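Sharing a structure with you now.
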Amino acid sequence: MKVLDFIVCSNEQLNYQNNLIKVTPADNELLPDMHPGQFVQILVHNSPKVFLRRPISINFVNKKKNEMWLLIQRVGEGTRKICETPAGKTLNLIFPLGNSFTIPQVNGNFLLVGGGVGTAPMLFLGKKLNEKGFSPDFLLGGRSERDILQLNDFEKLGTVYCTTEDGSFGEKGFVIHHSVLQNKKYDFVYTCGPKPMMVAVAKYAHENNIGCEASLENLMACGFGACLCCVEKTTKGNLCSCTEGPVFNINELAWID
Amino acid sequence: MDRLKVNIGNLEFKNPVTTASGTFGYGTEYADFIDLNRLGGIFVKGTTLEPRQGNDYPRMTETPSGMLNSVGLQNKGVYYFAEHIYPTIKDYNTHIIVNVSGSTVEDYVKCTERLIDLDKVSAIELNISCPNIKEGGMAFGTSCVSAAQVTRAVRKVYPKTLIVKLSPNVTDITDIARAVEDEGADSVSLVNTFLGMAIDAETKRPKLSTVTGGLSGPCIKPIALRMVWQVYNTVKIPVIGMGGISNAADAIEFMLAGATAIQIGTYNFIDPAVSIKVIDGIVDYMDRHNIKLVSEIIGKLII
Amino acid sequence: MDRLKVNIGNLEFKNPVTTASGTFGYGTEYADFIDLNRLGGIFVKGTTLEPRQGNDYPRMTETPSGMLNSVGLQNKGVYYFAEHIYPTIKDYNTHIIVNVSGSTVEDYVKCTERLIDLDKVSAIELNISCPNIKEGGMAFGTSCVSAAQVTRAVRKVYPKTLIVKLSPNVTDITDIARAVEDEGADSVSLVNTFLGMAIDAETKRPKLSTVTGGLSGPCIKPIALRMVWQVYNTVKIPVIGMGGISNAADAIEFMLAGATAIQIGTYNFIDPAVSIKVIDGIVDYMDRHNIKLVSEIIGKLII
Amino acid sequence: MKVLDFIVCSNEQLNYQNNLIKVTPADNELLPDMHPGQFVQILVHNSPKVFLRRPISINFVNKKKNEMWLLIQRVGEGTRKICETPAGKTLNLIFPLGNSFTIPQVNGNFLLVGGGVGTAPMLFLGKKLNEKGFSPDFLLGGRSERDILQLNDFEKLGTVYCTTEDGSFGEKGFVIHHSVLQNKKYDFVYTCGPKPMMVAVAKYAHENNIGCEASLENLMACGFGACLCCVEKTTKGNLCSCTEGPVFNINELAWID
């Protein structure tokens, strides 16, 4: 873990509420090894309302360019301010934080389910699986076509299925209703997104006896295990989702009774 | 760096900058960010006799220039601390001070007893001011009688430096300070968090599972500073000041108001290296103002 | 706009949004910015029996998300108010409530007596919580006995709506609220400012001429909200809530916590039209949440 | 008085610590009549540290362009943030605030003394005197040459004298030591700047039986008479420097005993 200034290399507004920000260490220091599921804590230094840092997943790492990608949805003042940072300006990050998704040792049918901006860590995870020689399936959900993000990038890594609530792209409905879940047998499922979606995915996995990991987005103050604010109730008691998560095996979680 | 030395009771601190209980884990959480050996001391996590799971999620919400928490003293208990955590931190070259919390006087005493033999635990900080537990906690710190009672009981068994941490949720904090001084406390630390609350207007629900929680951060600094100044003008024992400190100027303000040492809490979350920056900033201030010893700042507010 | 009506004692307010004493002058200061007739009420400047010059400059300093003031009730006295100011404001179509302050019980009573005959002064707000005057002031509001005493004395002479403004600088604000309710107060308003302090590290001097002052603004909102909720759950009389309100969501939070009406103070300095925006924002919230009457929000926190 | 959004037409960094910002109402509303000595309260909306507005004098009004000028010295977070506002962005102002300098009815020898950024209202005052057909003298003081601001603008309005503490421009020393004060007899003096300077000028005026007005820079919360925080002790008691000032006749002030 480190606190480091990053320079914004580019800041692209992907749609009405999402930005893709690519950053590189300001002092050209080489990025350390980072793992899918890990996140950063971003300082918001120009707002009277935002006091704490904001946790954002590592969306992708481009080792060659020494760049890290952050995919951000503007939901409030903090994410809005971060997304206002123009190329050339700096962002101060604490990174890399948290545990990461389990990378399987042998090939299988892997499904990566992301809802909304919860697709963010899935790109990095897909890439890592790719590097292992695996070709995962992606199931991406959004409200409408414009909410499906980074489609081209995902398509390079595996087969992509989509759902939209209004049916404007892919199958109509929620990810959990996508036909691929009926038609194909998976060995492991990874998920990140709104809690109700993750719970539904977890139930699907549980019922079908499939291993499943979910990445939580609990509210955080520190992000590195000092405050104990981000706890999730688990079979092992209250665990910190910032150090013992954000990735949890669904069997540990108190989601399914 | 002898010029930074301060004394709390019999203990010498290499500098007045320490970190506040519950915001700094056991120190190890910050080892990647700073050299822990540079700190004046580390007040470790609130520790109770029995393990505690703490309160339900959500336990935290942001507020203007601060935050509310209702962690509720989640910790593995003093026995676990003594056996498993203490060995991993005892070799840091800084004071380790355990924040002792409890629901009954007996809890406090028993918890304290388990700590006496830990050589490197130089002192304890009696937390009679936690607003986030149902029984005991803050209740001890809001009446002179019970504050005196728990201090007396712990003082009886604890031979090392005894610091009592006061609650700001009182009409007159000097009364409580005097009460614990009279019972033999070596020092008072203040303030703990202010009892506060937050509501989500859209869902009509409290933002914390416990409805109320403890307010900390820069927002409370003006009130905390006032209390430190009042207590400094009341008791003879050294005062350890805290509440919203985020930079060296804040730390110096607390020292001018009468604090012998200061603790940094919430701001560690925003800048994990803030404590070291505060130490460096104090040295810089002393150089600019031609101050030889940091102790010369204490209580030197000009009125 | 009948749906916005609320009642405090016998008084009907056209809406729950009023402005806090000492931050809104006599209303006229804001006449360029807003239509004063739209307000639920105006709590005018703290008024004392005799004229007061207030404290020395500097009386103000900025703090994180707030400010400290030590104005010290500068005003021309109740006679001047009645003869020269009242005539200029009496025709506004909103409630004018005079904030009555004093150093002795007799002062409060005499000051109140001068106001009884002013038809358009619908109510008085007894300020037993000013932290910025040497004698009396906050001292009345920090003990049940004296709070009861001054309320009783004023109640005896004042037949109209009597609101008592509570100090947050107490261990248990519900005790004080209960004490003044028992003496016949029609309503309690809370909170007044928190006693705080600021120091300039460079000059080593206090930033206020009076050393300590009253803290207000968004920084105090979490504590104020908690107190309003506690008091709402204690007394039967209506509660008027304030402390850091800066937008409609804040106002609704206070109402959910139990406030029948709210006051906006410090934020008027930043946005002189904030009060009107809060009224409009409450209507918008009611529309979005399908709420017919604003009174349906009061105390409707879901726990 | 009004609260209005202004657009920054230009923002020029004059030297290491001063900016000249020209603004015009965002909705093209015509600027009202404004008077020298009056000020505006600027909202600082992008800082975690700044809560209150910041008072800044009206430096100049260009009626033709419907522009108001603000001359700002970056002394802390608030003025720094204001000076970071680029052209095209908006600033929210409450204006016009306060009383103003007395404009004499008959000609005479007028001296306008400004120290540091205290020269700001003097430009507007000089212009108004000019419009009346009067040609005032200006006495501008700064630490060094680079601290003497808007010299060209002042020179168009009258005779300019300068002092610098390091002697790099004009006479060496403080304004109060400038030889013109010995050599010329003035009928009225106006002053704005650091308090010690204004007190010295007031003493000079008092001793020489010259009328004198000073513009104070007391700390303000509201700026429009509501908070009573900005008071100055005067012969008439505590007066609000935001409504009954910022301009005071020195005879009213408790500066000279």
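By letter and in written order, the chains are A, B, C and D; residue numbering begins at 1 in each of them.
In this section, contacts are C-beta pairs under 8 Å (C-beta built on N, C-alpha and C of every residue); 3 or more make two chains touch, one makes a residue touch a chain.
Just so we're clear, the structure is a prediction, and the values are computed from it rather than from any experiment.
Trainee: Suppose chain centres are the mean of their C-alpha atoms. Which chain sits farthest from chain D?
Mentor: So the farthest one, by centre of C-alpha atoms, is A.
Trainee: Just the number, please: Cα centre separation of chain A and chain B in whole Å.
Mentor: The mean C-alpha positions of chain A and chain B differ by 36 Å.
Trainee: Using mean CA coordinates as chain centres, what's the gap between chain B and chain D in Å?
Mentor: Whole-Å distance between the two chain centres: 47.
Trainee: Centre to centre, by mean C-alpha position, how many angstrom separate chain A and chain D?
Mentor: A distance of 54 Å separates the two centres.
Trainee: When the C-alpha atoms of chain B and chain C are each averaged to a single point, how far apart are the two points in Å?
Mentor: A distance of 34 Å separates the two centres.
Trainee: Multi-chain contacts in chain A: which residues touch at least two other chains?
Mentor: Within chain A, the residues that touch at least two other chains are 48, 50-51.
Trainee: At least two partner chains per residue is the criterion; list those residues in chain C.
Mentor: In chain C, 63-66, 217-218 touch at least two other chains.
Trainee: If each protein chain is taken as a node and each touching pair as an edge, is the resulting graph a line, ring, star, complete or other?
Mentor: Contact pattern: a closed ring, each chain touching exactly two others.
Trainee: Judged by the touch rule stated earlier, which pairs of chains are there in contact?
Mentor: The set of touching chain pairs is A-B, A-D, B-C, C-D.
Trainee: What part of chain C is in contact with chain D in the complex they form?
Mentor: Interface residues on chain C, with respect to chain D: 22-25, 29-30, 32-33, 53-54, 56-67, 69, 71, 74, 217-218, 266, 268-273.
Trainee: Which of the residues in chain D end up touching chain A in this complex?
Mentor: For this pair, the touching residues of chain D are 45-48, 50-51.
Trainee: Once bound in the complex, which stretches of chain D touch chain C?
Mentor: For this pair, the touching residues of chain D are 1-3, 43, 48-53, 94, 218-233, 237-238.
Trainee: Sort out for me which residues of chain B touch chain C in the complex.
Mentor: Of all residues in chain B, those touching chain C are 63-66, 68, 142-143, 169-172, 194-199, 201, 203-206, 211-212, 215, 217-223, 225-226, 229, 244, 249, 252-253, 256-257, 285, 300-303.
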